[in-house]
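Residue numbering begins at 1 within each chain, and the chains themselves are lettered A, B, C, D, E and F in the order written.
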Amino acid sequence: MSNENIRQKTVYFAAGWFSPKQTAAYDQVMAAIKQNKTIDDKNSYVPLEHQYKGLRVDEHPELLADKEWQTATFNGDCVGIKSSDLFLCTYLPDEEDIGCGVELGLAKALGKYIVIVIPDEDYGKPINLMSWGAADTVIKVSELADFDFNKPYYNFYECEVY
Amino acid sequence: MSNENIRQKTVYFAAGWFSPKQTAAYDQVMAAIKQNKTIDDKNSYVPLEHQYKGLRVDEHPELLADKEWQTATFNGDCVGIKSSDLFLCTYLPDEEDIGCGVELGLAKALGKYIVIVIPDEDYGKPINLMSWGAADTVIKVSELADFDFNKPYYNFYECEVY
Amino acid sequence: MSNENIRQKTVYFAAGWFSPKQTAAYDQVMAAIKQNKTIDDKNSYVPLEHQYKGLRVDEHPELLADKEWQTATFNGDCVGIKSSDLFLCTYLPDEEDIGCGVELGLAKALGKYIVIVIPDEDYGKPINLMSWGAADTVIKVSELADFDFNKPYYNFYECEVY
Amino acid sequence: MSNENIRQKTVYFAAGWFSPKQTAAYDQVMAAIKQNKTIDDKNSYVPLEHQYKGLRVDEHPELLADKEWQTATFNGDCVGIKSSDLFLCTYLPDEEDIGCGVELGLAKALGKYIVIVIPDEDYGKPINLMSWGAADTVIKVSELADFDFNKPYYNFYECEVY
Amino acid sequence: MSNENIRQKTVYFAAGWFSPKQTAAYDQVMAAIKQNKTIDDKNSYVPLEHQYKGLRVDEHPELLADKEWQTATFNGDCVGIKSSDLFLCTYLPDEEDIGCGVELGLAKALGKYIVIVIPDEDYGKPINLMSWGAADTVIKVSELADFDFNKPYYNFYECEVY
Amino acid sequence: MSNENIRQKTVYFAAGWFSPKQTAAYDQVMAAIKQNKTIDDKNSYVPLEHQYKGLRVDEHPELLADKEWQTATFNGDCVGIKSSDLFLCTYLPDEEDIGCGVELGLAKALGKYIVIVIPDEDYGKPINLMSWGAADTVIKVSELADFDFNKPYYNFYECEVY
């Protein structure tokens, strides 16, 4: 089938990027997204690619305590969540990220369809009850490239919560 | 002044309770809440006090993987957030809890007034950007007993974010 | 205990009133509400008591096709739902009322705590799946007079749905 | 004009399916939807086509009282409503369906554009006031195939309400 | 009747204060609010009384271009709107204030009960269509002192719009 | 690059049209929108083009005081805001329009991405604080034709507010 007839959706790409394991999962999920024919990855919102005024935090660490930069970056992420068709969250049960938590809650109450993606080797491990309840669908990274975002559905993540 | 003329509000009491430090902060904040004359602590919502059907998880650990218990407990917390006048979150910068994160996001998008309380010794430490942006007011535990919840206001938490 | 120290909440009183059975349930529930010490029934919103400009439909049946009356009455019910602390619905499994259905959906998405009350003899009978899912708590009429609306919680209605 | 340049929207397809008349209207509306060039019917959400885990209720009637199935099915319908561009409801004035009522209320408060479709022979008959107020546009089935969903507008349904 | 048994609500007090006529109306409405037995004026939110960090703009006009002050003041007004039981707007048909317009829209979409108060001599004059539609109830200043905010209702403002 | 691969979004086109300067800005912005390759102007919502039942107010000025026309026109604008992908507002700092104010507030609380466009010669002039806070991005008219609506972001409008 030709790709040009497939409806494509935009996603907000939530993820932590503070540990090597988080970074590895981030890269895996990003690669799968690019392969997914139902995602318009070019027009999706990746928070790390939106630096306020193009300023890089690694070169300007003082920004991290600057109210203008803080406010603009938070508001930018909110713009991303509300402008995107759906909300995708890379999730590590062993290294949960509170930033993703806040974004999950915002997306839930704003009425976005929420998909959580967990690395295959971690799928089935316990997660926090509130993340469990915010999710509409929880899948493995290996399922992501072929996941049909035009067929949203609800499932339960089969795991212990805490 | 007599207490009986003071308007009292109900709060949803968000907090982690998974480490000794979290438990200690939890107890401190709970004690301050009981002293606060603008809070109706008797009618506030404390998630730990709402066990589905009175079942105790420590006695029935299998509940943690039971969909009925999971759903009812998540929905119960959502009832607590939407039924309460405001949202209070005990927050440890060094031990952030993703469950509080989801609740912060839900409360923000539902239009609740959000107060984050941080132990005095941790006040000023960096927190996640999304928590920073979700909060309306961030105070120290020592300020809680006398905080006037009838005079809500916005402030910035002065800190680095990450 | 003295009543004057009990916090009281206001309710939106949803119900059908089109059949004798509906009217009987309506009266039963209204009577129980008046006895309930946690409800401020005087300041609660009862749609039937809000006639636009005091016009009575039984005396002016032409109003039922009048856009001004229709709009004002619908908007009035919306005012009642959003102004009340919680949403209470008298519900007959055998005579479901679509008007209550729309109100249940509005209240759910607006973040109101939703209590469905079912006559004792009908409690346990099947109800529509969407009503089942919109409800936070489902109780019997006989439980209403003593129900503590200051202690909101989630439960499942144990029944077949359809 | 070539079809490939026409913007297409996805719909949530609300309807009752419990009586022969409801089923007949359902089929009529579904057929018209398939002809409508402004609807992407392939990616629209039809509740009946989303069976939780592929389980069929007619083969497993015990599911109707199963909390896992109930919750997943209700949540699935909520996913459908929030994921779709607009909300379409097949509506029989003489056989109103409370499930559609709850969905109408949810869709209204979530900010979806709401179109109610009524069979030609029933158009103009009285409907419940709350459905009347939730609708943005009310049309006849015969108008559906050519309705331009890219030109949303508000109209009043000219009828008595009750 | 004793006052102590009357339920009191908190209001967000929206108004322009940029012209003599606006200031005069502001003072009139404020005086009436203080007399109203169903309003808890002590715990209501008056934007002018919330100066960020107690800084006065007349003494520090440079604040008006300061992003920190701008953000905190806007967010403070949002806190006021969401924390208050209802939304009251002093409105001059001849000197409409766009700030009140934004607040009216926010309050409407957040589900607040909206009352517009117009000076007696201006009552009936044309107002903007969008303000007209956002309002739930429009009254004269002379009706305010005795208005029962515990009996919210919908009415139409009888006027031309533009 | 070929246009046919570019994702296009629909906008709600907010603007005042009551003074020559407003009309001139309106025309300028409309022309730029038509050139913008990321906007589907054909399917966007322009309030002036939606006359209830095709009735023209200039030929029927009595409509301006007609409740049916008023309600349908207000509801139509709400349909436009909720049906459009994003919210665009033509804004004159010297001639602010309260109707745009209400629409800005509605769009903000409904979670729409909000872009304010200001004529180049007026860019940088003071605007009302509430409009300032409601906006996600503020641009000049000369930037509009090439603005990429597929890359939403947050910025501050650099100006004094009042």
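Here, contacts are C-beta pairs under 8 Å (C-beta built on N, C-alpha and C of every residue); 3 or more make two chains touch, one makes a residue touch a chain.
The UniProt protein names, listed by chain, are A, B, C, D, E, F = Nucleoside deoxyribosyltransferase.
Here the structure is a predicted model, which is why all the values come from computation and not from measurement.
Note on connectivity: the fewest steps through touching chains from chain E to chain F is 1. Taken over every residue number at the interface, the positions common to chain C and chain E amount to under half, indicating a different-residue contact.
Superposing the C-alpha atoms of chain A onto chain D requires a rotation of 120 degrees, rounded to the nearest 5. Between the Cα centres of chain A and chain E there is a gap of 40 Å.
Chain C and chain D have Cα centroids separated by 25 Å.
Chain centres here are Cα averages; for chain A and chain F they lie 31 Å apart.
Among all residues of chain D, those that touch two or more other chains are 67-68, 71, 75, 78, 110-111, 156. Every pair of chains in contact is given here: A-B, A-D, A-E, A-F, B-C, B-D, B-E, C-D, C-E, C-F, D-F, E-F. Residues 67-68, 71 of chain C are the ones that touch chain F when the two sit in their complex. Across the interface of their complex, chain C is touched by residues 8, 10, 40, 42-43, 45, 50, 52, 68, 72, 75-76, 78-80, 82-83, 110-111 of chain B. Those residues of chain D that touch chain C in the complex are listed here as 18, 64-65, 67, 70-71, 73-75, 77-78, 96-110, 126, 128-134, 156, 158-162. By the touch criterion given at the top, residues 7, 86, 111-113, 136-137, 150-156 of chain C touch chain B in their complex.
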